[in-house]
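First chain A sits with chain B, and in the next complex the same chain sits with chain C.
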Partner chain A sequence: MEDLVRELAVDKHARYIVSVEKRKDDFESVVMEHLRMSGAYWGLTTLDILGKLDMVDPDEVISWVMSCQHESGGFAGNIGHDPHILYTLSAVQVLALFNKLDVLDIDKVSNYVAGLQNEDGSFSGDMWGEIDTRFSYIALNCLSLLHRLDKINVEKAVKYIVSCKNVDGGFGCTPGAESHAGQIFCCIAALAITGSLHHVDKDLLGWWLCERQVKSGGLNGRPEKLPDVCYSWWVLSSLIMIDRVHWIDKKKLIKFILDCQDKENGGISDRPDDAVDVFHTYFGVAGLSLLEFPGLKPIDPAYALPVDVVNRIFFGR
Partner chain B sequence: MESDKEQMRIPISQRKDWSDMVPIPQDDGPNPVVPIAYKEDFAEVMDYFRAVYFADERSLRSLQLTSEAIPLNPGNYTIWHFRRLILESLNADLHEELDFVEQIAMSNSKNYQIWHHRRWLAEKLGPVAASKELEFTKKILSIDAKNYHAWSHRQWVLVALGGWEHELDYCQNLLEDDIFNNSAWNQRYFIITRSPFLGGIEAMRDSEVSYTVEAIIANPENESPWRYLRGLYKGDTQSLLSEPQVSSVCLKVLRAKCNHVFALNLLLDLLCHGFQANNEVKDAVEALWNSDFGLLDLDLAKSICSILEHVDPIRANYWAWRKSKLPVQAV
Partner chain C sequence: MTTQSSYSDQKGLNLLQELEYILDSDPLIDEVGFIHPSQFVALDHNGDDDLLQSEGGIESSRRLQANFSETGKLRFWCRDHKLGISTEVLFPLYNAAKHLFMDVIRQYKILRNVYGEKDNMESDVMKHSRALLLLSCDFGTAWNSRKMVLSKEQDLSRFMDELHFSALVLSYSPKSEQAWSQRRWVIRMLAERCPNLQDIVEKESDLVRKITERYKMNYRAWNHRGWLVSYMTISQVLNELNKSRHWASLHVADNSCFHYRRRLLLKIFSSKEGPSPVPNCTAILYQVWKEELDWDEMLIRRYMGREALWLHRRFLSLFWIKHIAIELHGVLSHLEDNTAQNNDLAYFLDNEFQLLENCSNIPDSDFEDGKAQAELSASHFSWLCKQCAKSLPTEIQEKLKTRDLKTLLHKMCPDKSFLWDDLGFDEPSANCIGPVDEN
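The block that comes next holds the complex of A and B.
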């Protein structure tokens, strides 16, 4: 590990995130408009893990976040857009990073999230009703961070997630849908947050997850798919939550993530030599944090926030 | 060359039917965290979109404006959301809308909003939409046979609107194209466990085992059929142990002496459940032993774990753990 420490371009990644704004003519930045709240979460969490959160002014961030809140209590991806559960969690996470959850009208936000639960226990993403186990995770994470899990039917929420479990031990987006590492992360984290991991066949799922590691050391999200840095997060965090992370070759995975860095201009891509983006930079750095890479703040695998932030919320320190 | 395309598009500000509307620029707040570099066309369309959106103008020109805005930014859920409100208010022809979505989906098939919109349409149209929806997902899957959204939509269509009749044949075709397609294997399991026409997993088991065994023999390194085979015996370990086709496919793959990780793994599971291996099986495992592995263990399951630790080093810890968990052999 020692020899690898210098391989992580910490300062360059931090500068890349802060300077995304300065790159013009960038298609990615155009299509990001409506999901800037998630962009803010990915970027700021990365900075915090790298120990560089002081590069941004908290007051500016917080006033912008609060200006994205809708009268319903939910948050939009940007000012003037419609609220969505995705951006509501991102907003809560960003405020948590800065220890500013107290600026929220907690009941208003949690009522918005709780209102998205359906009769069968599942959650919709917004008023239009798209259902997905991703939204179950987001709702449970968000309400747990706000100490308001009592506003929903947790038992039914868990039951719905369990109904999406497949014979290979994994989980899909709806009952019967193919197991996918991203959905598995959402379901396992939701079960972890609600203390329901006994519903998981840990050995079977652990085997499925460790089969995701391919020769290059990277992880894929489904059988026969290409490895991708973002799966470092989804597969790894799931393995950690079910206590099976030692089943993969960590050293090889670290090497794979480091190979995806743009060492000149900062940022991390999905695969070696591809173009970098904020999303994969976050998942790469967060993955390294889960792998206990020296010099990085540890991140909580279920809440997807630095461990010290989670401890502050639940243990008041 | 690029200017050709530019010339074809008349800026909205120069169109007669929009002269009464004042565009509203995006308010990025005091000092944005992840500021966006806007492109001109994109910015103009969005400025006018914000104007009709904030005025809640559910008109034909607003609908046309969303048709212009969506291809520029198909991930923007507010535009889709407003489009649904307009469609409802205008009582628009939803069959026409299906064509619009299809056009967008062809180049953005991994976008959540498109599938959500499609689902909303199909829900409104009801069972008459079933065949069209199956046809639509088929089109998308012909471009990317593992598209997660398309599969998810297809499963919803089958459950909510019907159309199961030819689903197994369709799945069969996809597997013939690519036997490694895990999504198609998953769909196959979905069909045999849920189709109202097939009589459930037990009625299908014999023919499915034969089909799966054949797929395994052709490509023993293919993870999907191995998992599918186990799935056929969900909650019925006794049948898994007693089915001769199961142990014999393991034996065949072991004897071929390549790509035998999954065969060893299934055999290991069988042994852990009390399967009694005959000499043929023992000999086949022994033949895979290499003197580098050390001394051959008398315990067959232990030997299998040792082989796996060596031939699958990236998961060596997993195989070591399996070894440590083996039931104590009664000698």
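The block that comes next holds the complex of A and C.
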């Protein structure tokens, strides 16, 4: 166990996250600026799990987050961009990390999210109408964190998610769409948040999910794909929520994630020896946290926030 | 510091002007790519050969636009409606496109509901968002601004242009979620005007085929094609099944293509009922399903150890048992009594078991594909037994119980022993297997 702890380059990963935030002088970094809000969520949650959130100045982050809010109540990925449900959840999650949800006009934000529900229970991502079960998850997670689930028709929202279930037990982005581990996570977490996991055939879905583990120990997101660190989160959290995580080899998965670290400069990549990025660093660290890796804060598999943050919101401690 | 940044601003603006000029002068550009300066040299060499070989050499050379900077470095390259952008200019170009776009969209949002001429502003929105999206394909605000202008104009030809433009973005970024989403938005707008979308559906399907040809296992692309199924007629569905069969047999690892076929098959299934049921649908369904099962079995035997083929089989066989052999029996004229039904089922399951026998007894099972084939076959048969057990008549259930799946599963896929144990496939004489993880 002691050996294992030393295998994770905690300080280097934290320094890497902080440095990425400051990089603005090349094409690769500016071309991601439209989703900076999600980047902030990935980076800051990683820091919190690593126990290093004090490396950033909360006031600076919060004032930037609030400057991304649109008059409609929704948040944009960056200042001056259009609002979207994706970035609205990220903004709420970032504020939750810092225990600053009280800076929000809760009703304004939740009205924006609730306004995106459609007649059939599904959710659009923004005013332009693209529908996806990811948006259902985001809406339910966000409104639950804000204690405003009563603003939507939860029953219909659940019904829509269930209509996206496939014969293999998995879920896709819309009814009939191919099962994909990312979408499965969204659907399972949404059902978990609303207490509706009884709609899931756990053995059937668990079977499909545990078949995502390939020989190297890593997990893929769909049949025949290469393993990828980000699926350590999506597949693993789903398996945990349906209580089937003992169907995969956890030791091999830990080793796979640790092999994807850049041990010199920090950061985690999708596969061993690839280039690192914040997205995969977050999913790698979050995956290790789900695997109860020593020294990391536990993370909640449905809300995708540290367990102490979730407890603070729901139990006031 | 100020002089330096205004210098680079000016440089970016010049680059942007150049790019927009190229795009305006050739509206038929259908492919764009970022090119490292060293690759330009190679392109030029190929270009020379082309010029020498083609009869219309002069015409081609007139169409060739190569744009050099003051220092003689190539920045853009355009020929035969293909555009290359040097990776060296991406950063200043992006900054210029973003700043101009953000400026004009801010003004447009303020003024768009105010009475007055806004044509220039609208054309600027379209122009700068176009340049920006060719550099950053998922810049959502830029896509939105285009929807804003297009929905105000409501011009059919402009909607068709937008389909062309998003295809151009997909040529360099085939997985761009926003570009695919933009197409769906345009098609929904068109569907409100012309209920007959057959042509568009055909063209979309063809575009996906072309894109997936170059970039495999593209979830977003195949999902787009699957989304089209709801707009298809039955004859189109049958046609799509035919058209994608050859492609699938050449890409047996691409689960998305097989999922697309599942969607088409389910569309036939759902067309036998509803307000306007398709005549003869049940017979078509029976025929098509049988062909698909045979075809899949042929591929399984030819390409060993391919997960996507076996997962396709799970779907096909479960559905066959539950909905065709059991539910539709009686509707089908040649299956009239229970014995016939049971015979059909028993025959089907015998065939599945035969396949399992053949695939799990590959002589040289040290060979990796052979091992994978054995694992997948054992897994398939037990999955099927588990899922359909309750739907089967008792005598067939009894017969299934005589098959010794437990030993097979533990032998073939020992790393999933917890799964087998939990699902009731526990090894009869279980030797003690320790827990996998006790951290």
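Here are a few things to note about the model shown:
What we mean here is this: the second predicted complex is superposed on the first by the 307 of 317 C-alpha atoms of A that agree within 3 Å, B and C clash if a C-alpha of one lies under 4 Å from a C-alpha of the other, contacts with A are read in each partner's own complex, and residues count from 1 in each chain.
Note that a contact is a pair of C-beta atoms (placed from the backbone, for glycine too) under 8 Å apart; a residue touches a chain by one contact, two chains touch by 3 or more.
Everything quoted here is computed from the prediction, not taken from an experiment.
The superposition on chain A brings chain B into a clash with chain C. By the document's definition of touching, both partners, chain B and chain C, reach A:H84. Looking at the shared chain after the overlay, A:E292 reaches chain C, while chain B stays out of its contact range. In the superposition on chain A, the chain among chain B and chain C reaching more residues of chain A is B.
Of the two partner chains placed by the overlay, only chain B lies in contact with A:D57; chain C stays clear of it.
When the two complexes are overlaid on their common chain A, residue A:R222 makes contact with chain B and with chain C alike. In the superposed model, A:K251 lies in contact with chain C only, and not with chain B.
When the shared chain is aligned, chain B comes close enough to touch A:G43, but chain C does not.
Once the two complexes are laid over each other on the shared chain, residue contacts for A:A177 go to chain B and to chain C alike. In the superposed model, A:H280 makes contact with neither chain B nor chain C. When both complexes are aligned on chain A by C-alpha atoms, chain A residues 26, 30-31, 34-35, 76, 80-82, 84, 126, 128, 130, 167-168, 172-174, 176-178, 180, 206-207, 210-211, 222-225, 246-247, 249 touch chain B in the first and chain C in the second.
The residues of chain A lying in touch with chain B in their complex are 20-21, 23-26, 29-36, 39-40, 43-44, 56-57, 60-61, 63-64, 67, 76, 78-82, 84, 126, 128, 130, 166-168, 172-174, 176-180, 206-207, 210-211, 213, 215, 217, 222-225, 246-249, 252, 278. Only residues 26-39, 42, 46, 50, 54, 73, 75-78, 81, 84, 112, 116, 119-120, 146, 148, 151-152, 155-156, 180-183, 186-187, 189-190, 193-194, 223-224, 227, 230-231, 234, 313-318, 321 of chain B touch chain A when the two sit together in their complex. Across the interface of their complex, chain C is touched by residues 1, 26-27, 30-31, 34-35, 76-77, 80-82, 84, 126, 128-130, 167-168, 172-174, 176-178, 180, 203-204, 206-207, 210-211, 222-225, 244, 246-247, 249-251, 291-292 of chain A. Listed in rising order, the residues of chain C touching chain A in the complex are 87, 90-91, 94-95, 98, 102, 106, 135-136, 138-141, 144, 147, 181, 184-185, 188, 217, 219, 222-223, 226-227, 229, 253-256, 259, 262-263, 266, 306-308, 311, 314-315, 318-319, 379, 383, 386-387, 415-416, 418-419, 422-423, 436-437, 439.
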